[in-house]
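The following pair of complexes shares a single chain, chain A, combined with chain B in the former and chain C in the latter.
After this line comes the complex of A and B, so read on.
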């Protein structure tokens, strides 16, 4: 009798064991670590909320968040607009070479990021890059794309857009294809123009997909790591040290307690931003 | 009706109980760091050469140097036939510290940057007694960067002396005698002379990457017998020596005497090859450039000792360098020591690395041994270099290396300090900061973010 009662739990136990070992335990361990000062050697010292206070009063921490915030402004709104445009384009059954465009839009998303980042370094090199070569042909001066504090963030944002806009198109295309065709037919019969249909039907009905996209990309932008790590190493003068890279810098310097505290602050921040995004973008019927 | 499994409440209570146990018991057992432990001291192996037996795993960097060490390890195995060496190419910077901390799959020995050793000393064997017989014959600089609280944790390997690389043909035509470059003021004067003759030149290389510029700064500071911190870890950036370096840089920048370019990247190579750069005060490993990268000016570069900061001062400082470490959790530390003793202190070992070999037919010329008997000016291990016009770089380098003063252990946070000091050096080189600003701002941030939090 007892074995009968326990057997369902035994069947699902492997998942919970693995989840506890590789999900819950590291999380609790990291939380504990965030209240300690430990560099990987010697005894860990309990410092209470010292690591959190240090970060919250550190100009470098806020600068890294500021860099990520600027990246967000440069990336997410533009990506939603470009993604929606691309999705509308690909949803059009009369578009020629639709299969080609679908592959073309998604290709950067499935290309290894580090390889693309290396290409970015070459293309945007101040002295030998293709972009400056083209600018020179047009009689324009060189631009320090990766080595000036003015241009480094836009250049990295462009890499992120290039890499992930295909993903945005997939999400929005899925949302678009879920809109019943009859709605458009009814609107057309009522004399709604294409633009009117877009603003009054397409945009409201893909709002959930847009909210999902904004949340996912907000998470991605605030965790952005590989792009600045490979292309600029956070420079020049820390102008591309994103929140993700700043966190990584603590870990690689074996400043593990501060790194753990930084992780939890980042989690809280991203959680808050995601909630705000969902609330702002939720459909009107849900608001009421 | 079948018997229901555990009730929902019972299940939740059980799960919470297990969770609480995990959170208290296991975490208490696995608290980060546990208790502080004293490093283990490694004793000399008791077995004779022929009796030494076993297998060791040795980590090394990948690339040509790995192949060179592979050949040297073959010589070691000829001397110790019963020791099998599992020589592995590993991304040491990414993996070794984590491996030491976790204590899992730890190698028996590894190559490591001198700058990393002090911060992880607790995970390494104390090698003081083993190195004692060689201590008096090892570069004081290398010993000092491997010593923490009086104990030696790394087997000193290469010494990377700073040299003054210069264009012999341009100095000839400008009437500048390289032998006259005895001080850094002489170097400024010579650069002005060169520039007067050819206004297109920006004769002196200044480094544009923050990390390398700070490494370069430490070479110039080490030349004056100082470094970022003293032996007790106290910051000493606000000093006459550092102010002297920063003022010199400011003078060179103001007089438009510098090429500010990233180390051997295309822009740097171009200005080296088209004659705009004439002086490159840099480590011996810059010898790679004329041998492999430069085309138009190959054969026209020469090396000299660095100028001194004060008349009669040391003519070189160290820029980088690595040693060998034996992790405290190594399975066969005695055998790893035998390998490193062979490579560093025995003639067949260091000759196999630095002497002519299959990878470098003329020998390895990007560093010199730190073991003084191996660094004899009269007994070159690598040959004169054709790309330097046949110059005997060995003699120049070992004589310069012999003048490098002792230093202090490199603080664990050194690489992190680049965000402050390295960046501010760049601002100085761009004319956006004064020497006093570099010192005060960098010192304040290093103290607050790195030292006070240690």
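After this line comes the complex of A and C, so read on.
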């Protein structure tokens, strides 16, 4: 009996030990450091809210948030539309080769991001890349995919979209498959057109999955790091320095106090954004 | 679900999507076996096949070390997750104890912590401990993650209590019930957890690139990224064809293991990805 009472605590203890050591402790330490000036060596000096003020008045900080916001606009709406389209096409129970399509769509999600980022460097090279080669074949001029501030963001957004849209399809497909088939049959009997069925049955019923998708992809876009780190190093002219890469740059600059402050500002932003998207996308009957 | 017979247009759109998703992978894999110069001069055709890019790449970057380090991290971190996550999930699913809700709430709360935010705090801790460039730095942070516990709790909650009580009547100890009754029943869930953990650890990049900067401890993904940075860093005067050949060879060899496992175990992968998506 005694062991029964103790055992659940023993079973969960390892997680809490790891979490205390590598979650809570570093967070408290970093919170303290965010009020200090420290360059990775020597003594740290208390500077109050200077690090936060520095960031909030720094054009580079706002530019990094702006870059991430543009990425969000380029990625999330398109992914929701494409994901829903793909899911609707796959949901048909009489579709042949469904397993093959599912595997094909998910394959990019399984590939290592760094490896595919390298492929992007090669494929989107202005002088020798495959994409410009194809454009030239079609009689079109070269595009400076990775070396112009106009195209650098769309090119990275394309990498993100290519890698994760199959994932979006699978998420939305799971939502769609929870819709009972009888609902559509009833609607068809009532004379509802296919388009009408889509807008009045499919969309409201997958709204929850869509909200979920928007939240996790918003978090992912604002933490985007490996794509610009590998493909563009944040350039050209800082046009792909995302919020995530900007945060990382404090490490290379050994400006860890500012980096810690930046971490907490980013947490606030990410929490705020997910709260907003959850609220905006909540099904109407659940308001209040 | 809509069950009218799918038309030709539907298949055409799906086929087009499949090409868009698969072609970049196929192009990278097939081009990596072409003579380096042809990757640039004739990107679409495949003629002579060679291992030249792979030879050059192996001579250039410590990719073998990268694979070995990733394997080590994967093995230890994976073993910790596969043991401790179901154990904690079992406690939360099948026991009543004081502060249970508070403790489980803490687990859920940590799910919401963005990974990127912990990077600088953790790096500071690692340098204070003198753990930068060590295996423990790569392995221990996040070694028992909240999401896996949450997932295993859901899985184990579905086991009928009678089964667990029967084990107790047979005289098994608390841990014995976990090992002999619970684990065998949740095998499909464990398989999906294993697959998801493998994918996450194998592809992990942000923390390894921060925690480690000497070649002897770099994981595969970090080794890959240094190769890419050399390319973009030495653009002027670099022999493009050779470097690209190496990049594609490295990328291909890095993506192959997971793609093979994925094709073999696709059901577990898709279950794992679906369940894992709540992690965000």
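Operating definition for what follows: the second predicted complex is superposed on the first by the 273 of 288 C-alpha atoms of A that agree within 3 Å, B and C clash if a C-alpha of one lies under 4 Å from a C-alpha of the other, contacts with A are read in each partner's own complex, and residues count from 1 in each chain.
Keep this in mind: a contact is a pair of C-beta atoms (placed from the backbone, for glycine too) under 8 Å apart; a residue touches a chain by one contact, two chains touch by 3 or more.
Since the structure is predicted, the reported quantities are computational estimates derived from the model, not experimental observations.
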| item | value |
| --- | --- |
| Partner chain in contact with A:12 - chain B first, chain C second, else both or neither | second |
| Chain B versus chain C as contact partner of A:25, first or second or both or neither | both |
| Touched partner set for A:271, first chain B, second chain C, both or neither | second |
| In the superposition, chain B vs chain C on chain A residues touched | C |
| Which of chain B and chain C A:33 touches, first, second, both or neither | both |
| Partner chain(s) touched by A:256 [first = chain B, second = chain C, both, neither] | both |
| Touching both chain C and chain B, counted on chain A across the two superposed complexes | 4-5, 8-9, 25, 29, 33, 40, 125, 128, 256 |
| In the complex with chain A, residue positions of chain B that touch it | 2-6, 11, 19, 22-23, 26-27, 30-36, 97, 100-101, 119-123, 210, 266-267, 270, 412-413, 415-416, 419, 423, 426-427, 449, 453 |
| Chain A residues touching chain B - in the complex, by the definition given at the top | 1, 4-6, 8-9, 20, 24-25, 28-29, 32-33, 36-44, 54, 58, 60, 125-128, 235-238, 249, 253-258 |
| Of chain A, residues touching chain C in the complex | 3-5, 7-9, 11-12, 14-16, 18-19, 21-23, 25-27, 29-30, 33, 40, 86, 88-97, 99-119, 121-123, 125, 128, 130, 133, 162, 165-167, 170-171, 174, 176-177, 179-181, 184, 197, 212, 215-216, 219-220, 223, 225-226, 229-231, 233, 244, 247-248, 250-251, 256, 259-260, 262-264, 266-267, 270-271, 274 |
| Complex interface listing, chain C residues touching chain A | 1-6, 10, 13-14, 17-18, 20-22, 24-25, 27-28, 39-40, 43-44, 84-85, 87-88, 90-92, 95, 97, 100, 103, 106-107, 110, 112-125, 127-128, 140-144, 146, 149, 173-175, 178, 199, 202-203, 205-206, 209-210, 220-221, 224-225, 227-229, 231-232, 240, 244, 247-248, 250-252, 254-255, 258-259, 262-263, 266, 269-270, 273-274, 277-278, 280 |
